[in-house]
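Two complexes come next, and they have one chain in common, chain A, joined by chain B in the first and chain C in the second.
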Partner chain A sequence: MTGYLIRRILQSVLVVVLASFVTFLLTDLLPGGPARAILGPRATEQQIQEFSHANGYDRPIPVQYGIWINNILHGDLGYSVKLNQSVGALIADRLPKTMVLMVISIAVALVVAVPLGIYQARRRDTLGDYAVTSLSFLLYAMPGFLVALLLVLVFSTGLGWFSPTAPQTGDVGQILAQGNALVLPVATLALITIATFSRYVRSSVMENLTQEYVRTALANGAGDGRVMVVHVLRNAMIPIATLLGLSLPSLVAGAAITESVFNYPGMGYTFIGEAEVRDYPVVLGIALVVSVATVVGSLLADIAYATLDPRVKYG
Partner chain B sequence: MARTRLALGAAALGAATLVAACGVSTSSGDTATTATTGGTAVWAENSAPTAIFPFVDATALVNTTVQFQYLMYRPLYWQGSGSSPDVDYTKSLAQKPVYTGNQVVVNLKDYSWSNGEKVSATDVMFFMNMLLVEKTKYGQYVTGEFPDNVTSVRATGPEQVTFTLNKPYSPNWFTSNQLYQITPFPEAWDKTSDSASSGSGGCATDKSKCDAVYNYLKDKNKKVSGYATDALWQVVDGPWQLKSFTSEGVADFVRNPKYSGPDKAKLDGFNEVPFTSQEAEFNALKAGGTINVGPIPASSEPKRDPNSSSLLPPTNPAGADKYNLITDQVWAWTYGLLNYGNPTLGATYKQLYVRQALQETIDQVTDSAVADRGYAVPGTGPVPNQPATQYLADVQKSNNGQGPYPFNVSKAKSRLTDHGWTEQGGVMTCTRPGSGADQCGDGVNAGTRLSMSMEYSGSTTTSEVMQQWKADASKAGIEINLDPQPISTALTDLTSCPAVASSCKWQLGFLGGGTFNSVPTGDQFFIPGSSENINGINDPQLTTLVQNSLTDSASTAFLEYETYAATQLPGTVNLPGGYGIYAVSKNLGGVSINPLQSLSPEDWYFTK
Partner chain C sequence: MPIPDPAPGEPLAQQDEPARPMWRLVPQILLRNKLAVAGLGVVVFFVLFCFIGPLLYHSNQELANLRTADLPPGSPGFPLGTDDVGYDELGRLMIGGQSALEVGLAAAAIATVFGSLWGAVAGYLGGWVDVIMMRIVDTLLATPGLFLVLLLASIITPTEGLLILVIAFSSWLGPARLVRGETLSLRTRDYVQAVRMMGGGNRRTILRHILPNAIGVIVVNTTFQIADAVLTLAALSFLGFGIPPPHADWGGMLSKGTDFTANDYWWMIVWPGLCIVLIVVAFNFLGDALQDAFEVRLRK
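Let's look at the complex of A and B:
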C-alpha cells in the first residue's frame, strides 16, 4: 500500500503539472489578450504594451509558464490587477466560503440520500419507489439555476421564510451563524446531489441484498435492521465513498451558478467572472487549486475503496 | 464623476443594469411624510469597488470605484446636479473658477479634513504635482488634455490655486471636463512610509518627490484589508467615513461627524453591497428588507408604451407596497462603429450617402419599443438625447425626435442606387465607380459589395437590435453578417487599424458607446488619435469644429460641432439610448442619482 501511495502521489504531481500547463496554454490561446480586457477600450497601444510587458504577457509561453511555476514554488500565486488583490489572498478568502457551502450541502445530501436509497431498495417497485425515482429524475434533469430560482420564488419571495441571498460576508463562523441565509443555497445543491446519490445507494443496496452473505445472516437469525446496518450498508457505501472522493474538486471549485443566484462570491463565481475579463492570474490560480483537489480526491477515493473493501489490495 | 468609455453593451441599449443615473420622477403613491435622521441605507451595485486611492489607473476606473472614493474624498468640482449633467457647485470643494484669458483662478471653499486640517491649496498642488509626474498612470488622462493643457499651476494663496493654460478654453468645458478630475489629497498622505510624518514626502511642493509618494500610496492601495482600518485612509473630507470593507467589496460607511460641507448626511450609515448577478439582486429586492436602492433588471421590467408620458413602468415589478421607482438615465451616446481603415469597405464607409443609408436602415422606434421594451429613445447624434439638456441641438430633435435620418429603407436604397449601386443577388454592388455625383465615390472600386460583418458584444437587447438592423438593411440591399463576441474578444478586435491595413479586419463594430463628462464634446471621439477614435475618423472640418467647441465659450460653437457631427455621421451610426429603472424603499426619501452617476447618499433620509 505504501508503494502504491508513493506512486500515486508522484503521478498526481505530474497530472497537476500537466493540467496547469494545459490551462496556461489554453488561456493564452483565448482570443483577446488580457491587456485590453483589463485596461478597457480607452487604453492606448502604448499602455497595452506597457501593461503586457510589466506582466510578462509579451514573453514566450514557456518562459511565462516557467516564471509562474517559479513564483508558485515561492508561494506567490500572482496578483489580480482587476481585483487589486493577490491571488493567494483572494483564494484564501473565497475558498473557505465555498467549502462551507459545499460541505454542508454534501452532508445534507448524504443524510437524506442514504436512507432514501435504502428505502427505495427495500421497497423497490412500489409506489413509493416510483415516486422517489420520478422526483430524482426530475431534479437530476433540472438545471441548477432553475432549482435555485424556484426555491427563491416559493420560499423567499413567496412565503418569506428564508433569505434570498446567501451570507454576504464574514468569516466561516459568521457565515454559519446566518443559518437562515444558508438554507436555500444548501437546499439547491443538496437536492441535485440527493438525486444522484440516492440512485447509487438504491442500486448498490439492491445488489447487495441479493448476495449470499445476506441470506446467510438472515438464516442465522439476524434481524432485518442488523443485516442492513451491519452488513449491507458497509458494502453498499463503497460506490458512495468513491463519489465523495471525486466530489472533492467541487468542494473547492464551488458551484458558479448557485453562487451567482444567491450572491455568494465563492470560488466558482470568481473563476467565471475573472475568466470573462481575462484575469489570467486568478484563472490560473483557481485552476491549480482545483487540479490539486481533483488528484487528491481521486487518491482519497481509492484509499477509501481499499479500506471499505478488504478484497481490494494495492501493491 | 469620472468619465470612462464603458463598454455599455446592455446598458447602452436599454437593459437596466446597475449603472445609476438620474431620478427625475417617482411612481405614484409616494407618501413621504416627515424626514428623520438616522438609519442605514443599503445600495446594491453590480461590481465591487477595487481601489480607495483616488488616483486610479484604467483598470480601476469604473463607476463603482469612483463612487466609492467620492463618498470620502471630494473632487474639486462635483459633476451632475439633479437631472442635469452640469457641475453642482453646492457639492464642490471650490467656488466657480474665474477665467481671464488663459488664466484660471480657483478659490477653495471652507472645507476641512477629518483630522482638523483645512482643505488647502497645498492639497490641490499635491494632486497636481502627482498628476504631472504620473499622468500616464492616471486612468482619466488623455494625451493633449489635462494636465498637458496646463503650462503652469501654483498656489497663489492658502486656498487659491492659479492655472495658466496653453490657450484660452471654454470655461464651461474646462471646469466641467478638466478641473473636475482634481481630487485634493490630504497632507497626511504625503509621505513614503507608515512611520513618516505627514508632509514629509514633499510631493505637494516638489514634483521630483512625487514618484516615491505615489509608489507608497499605490502599495497601500493594494492592501484591501486595511481600507477601513488604516489611519491613512481615515483622513477624509467627504460626508462619509469607511467603517468596514471586505475583499468582496461590501463597504459600510458611517457619517463623517467632522464633515464641513453644507450637505451633511442625515443617515447614520450607508452600505454598498455588490451583487453577483442581476437575478440575485432582484430576488433580494422582491423579498424585501435587504436593499433600499437597487436596479430592476431589464428582463423584469414590464413592457412600457413608448408614447406614455411617464418614463416609469406601468406596474412596479419590485412591489408597489415596498418600493417607489425612479428612472436611471445615463449621460451616454450609443453608437455603432464604421471602420474607415478596413481595406475592403473603408473607402465605402467614407461616403456620406453610404453612412446615411446605413442610418436609415436602423428602425430605432421599433427597437426602442420592442428590444428595449419601451425604455429607450432613438439616438440622433453625438449628444445624448436624454435627459434633455441645453446641449441638444435642433438637428437632433428634428423629425419628431428621430433626428436627421429617420428610418426609411426605400430612401436608403435610393441613396445607393443614385450613386451607382446595383442590387445583384440581393446585395448592392458598385457598378458605376468614380467620384462623380452619381457615382460610387473616391476609392470605391467596381464590384465592391455592401456585405459587411458586424462584431458586437452585449446583452439580449443588443442582439435583438442587431438582428432587426440586419433584417431591415437587407431590404435595402445591405448585407450585415452578425458576429457576436464576448466583451473581452470584442475589445481586442475592435481597435485602431495597424500600419498594415490588410490586417485590419473588422468592418462594423459595437462596444456599447461612450459616456461623457458634463459637457458632451467630441474631443475623445472624433479627433484623429483620440482614445475613442478607433475607426480612423479624420475630418479636418470636424476636427476644427470640435476644437472650437473646447475653446470658444459661446454655445454656438458647440452647437455648430454637434450639427455637423449629427448630419455627417462621422464613422458612426446612432442606436437607441436606453435607460433603466431603480427601486427605492418607500420610506427612503431624497434619492436622486444624476446622469453622471454621482452617488450622494448624504441627501437621503428615512421618513416616518
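Let's look at the complex of A and C:
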C-alpha cells in the first residue's frame, strides 16, 4: 500500500508539472504574445518588442517556463496588470468565496441525495422511483446555466422571493450574512449535484441490499432501520467518498458558469473574465491551482477507496 | 463423450441457432426499447426542423427590426416571439440548431475516432508506449474540461470548424480510456493470438480485429459524446466564446435571454433551453438503449 501511495504521489507531481507546461504553452499561442495582451491593440510593433524584451517574453519557451516555475516556488504567482493586483492576492481573495459556495452546495446536495437515493433503492421500480429518476435525468441533460436561468425566472422575477445576483462584495462573513442572495446559486449547484449523487447512492444501496450480510443481519433479528444505517450505509457510502474526493477540484474551480450567471466573484468567474481579456498571469495561476486540486482530489479519492474497502488491494 | 459422426444424408446431431449478425440484432433490440424509439424520433425531428425547416418557414435573421423587438409568443407573424433586436425566435431556433447538430456530430465523430485509435494503440502495444500515452491523457484530464475548453476558446477567434476542433480536443480523452480498457481485455482473446501467430502485424490486428470488436463500447460512447458536445457548445456560446452574432446559436440565445430575465421575457430562455434539453435527453436515451442492446448480444 505504501509503495502504491508513493508511486501515485510521484505520478501526480509529474502530471501537475506536465499540465502546467501544457497550459503555459497554450497561452503562448496568441499572436503577439503576452505583450500584445497587456499593451493593447494600439501599441506599435516597436513598443511590443521593447516590452517583450524588458519582461523576458522573447526568451525561448522552456526558459520562460523555468522562470515562471521558479517564481512559483518562491511564492510569486505573477502579477495581473489588468486588475493591478498580484495573482496570489487575487486568488487569496476569490478562493474562499468559491469554497463557501461549493461547500454549502455539496453539503446541501449530500443531505438531500443520500435519503433520496435510499428511498429510491428501497422503493425501486415504483412510481416514486421513476419520478425521481426521470427528474434526475432531466437535470442531467440541462446545462448548468439553464437551471440557473429557470430558477431566476421562477423564483426571482416571478415570485420575487430571492435575489437574482449573489453577494458581490465583502469577505466570507459578510457573504454568509446575505443568506437570501446565496439561495439561488446554491440551489442551482445543489440540484445538479443531487442528480448525480442520488443515482450513485441508489445503485450502491441497491447493490448492497442484495448482499448476504444483509440477510444475515436480518436473520439475527436486527430491525430494518439498524440494518440500513449500521450495515448498508457504511458500505454504500464508499463510492460517495470517492465522488467527494473527485469533487475537490470543483471546490477550487467553482462552478464557473453558475458564478457567471449570478455575478459571484469567485475563482470560476474570475477565470472566465480574465480569459476574455487575455490576462494570462491570472489565467495561468488559476489553471495551476485547479490542476493541483484535481490531482490531489483524485489521489484522495483513490486513498479513500482503498482505505474504506478492505477488499481492494493495490499492488 | 465425443459426438458420433452422422451417417451420410443425416443432419448434424447438434446445431446451434445460426448466430444473427450484430447489425441485425442490435436494431431489433433497439426498436423494442420505447425510450430509444422516442429518442430517435426526437433526433429525426430536430434534423428535419433545423435543416428542412428554414426552407419552408422563412424568417428574417439578418436585419434587425426594433419595431418587432421583444414580442411575446403568439404575436401575429411570430409564433414563438421575438428577441431583443426583432429576430423571429422560431426561425432562430431552426438555424441555431444547425450549428448545434453539426458541431455536436462532427466533434463527437472526431473525438471518438481519434480517441479510439489512441486507446487501442496504447492498450495493444502496452509497455512504455502505453505509459506515455496514458500519462498524456491523465495530464489533459488534470485540467477540468471546461477550463481547457475556455483556455483554447479564448485564444482563437471562433469559427465553426475551430470550435469543432476545440470541443473534440477536450472530449477525446473519454473514448481513449474506454477503448484502452477494452483493448487490454480483447488482446488476450484467442483470435487475436491466432492472428499474430499467422504473422499479422500490429496495424492489421488493431484495425481489423481489436477495433471492430470494441465497436459496442465505441458506439455507445459516441452517442453520449454527441450529447456532451451539444452541451459544451451551448456553454461556450453562452459565455461568449462561440461564433459571433448575427450567427444564431441556442447557447447564444440563452445568453441574450439572461439579460432579460428581470423583464420576464421568458420565451427567450425557454425555447432554446427546451431544444437543448430535448436533444441531449434524446441522445442519452439512445446511448442507454444501445448499451442494453450490445450487452444482450454479449450475454447470448
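Rule of thumb we're sticking to: the second predicted complex is superposed on the first by the 300 of 315 C-alpha atoms of A that agree within 3 Å, B and C clash if a C-alpha of one lies under 4 Å from a C-alpha of the other, contacts with A are read in each partner's own complex, and residues count from 1 in each chain.
Quick note on the criterion: a contact is a pair of C-beta atoms (placed from the backbone, for glycine too) under 8 Å apart; a residue touches a chain by one contact, two chains touch by 3 or more.
Not measured: the values here are computed from a predicted model.
Enquirer: Look at where chain B and chain C land on chain A after superposing the complexes, then choose clash or fit.
Expert: clash
Enquirer: Applying the touch criterion given at the start, work out whether A:R278 contacts chain B, chain C, both or neither, answering first, second, both or neither.
Expert: A:R278 contacts both chain B and chain C.
Enquirer: For A:V16, decide between first (touching chain B), second (touching chain C), both and neither.
Expert: The second partner, chain C, only.
Enquirer: Of the partners chain B and chain C, which touch A:L300 in the superposed model: first, second, both, neither?
Expert: neither
Enquirer: Regarding the shared-chain residue A:V81, is it in contact with chain B (first), chain C (second), both, or neither?
Expert: first
Enquirer: Touching A:V261, do we find chain B (first), chain C (second), both, or neither?
Expert: Touch partners of A:V261: chain B and chain C.
Enquirer: Contact-wise, after the overlay, does A:S156 reach chain B, chain C, both or neither (first, second, both, neither)?
Expert: both
Enquirer: Using the touch definition from the top, say if A:P164 reaches chain B (first), chain C (second), both or neither.
Expert: After superposing on A, A:P164 lies in contact with both chain B and chain C.
Enquirer: In the overlay, answer first, second, both or neither for which of chain B and chain C A:P41 touches.
Expert: Only chain B; A:P41 stays clear of chain C.
Enquirer: Just one of 61-69, 205-213 or 277-285 in chain C hits chain B in the overlay; which is it?
Expert: 61-69
Enquirer: Would you tell me the residues on chain A in contact with chain B in one complex that are also in contact with chain C in the other?
Expert: Chain A residues touching both partners: 149, 152, 156-157, 164, 260-261, 276, 278.
Enquirer: Quick one: which bits of chain A touch chain B in the complex? Just the residue numbers, please.
Expert: Its residues touching chain B are 31-33, 36-47, 79, 81-86, 89-90, 93, 149, 152, 156-157, 160, 163-165, 168-169, 259-265, 269, 273, 276-278.
Enquirer: Considering the complex alone, what residue numbers of chain A touch chain C?
Expert: 11, 14-16, 18-19, 22-23, 26-27, 29-30, 137-138, 140-146, 149-150, 152-153, 156-158, 164, 249-250, 253, 256-257, 260-261, 271-272, 275-276, 278, 283, 287, 290-291, 294-295
Enquirer: Mind listing the chain B positions that touch chain A in their complex?
Expert: 4-7, 48, 50-51, 57-61, 136, 139, 143, 221-222, 224-225, 246-248, 250, 273-277, 279-281, 283-284, 286-287, 290, 485-496, 511, 524, 531-532, 534
Enquirer: Hey, which residues of chain C end up touching chain A in the complex?
Expert: 135-136, 138-144, 146-147, 150-152, 154-155, 227, 231, 234-235, 238-240, 251, 254, 257-258, 261-264, 266, 269, 273, 276-277, 280-281, 284
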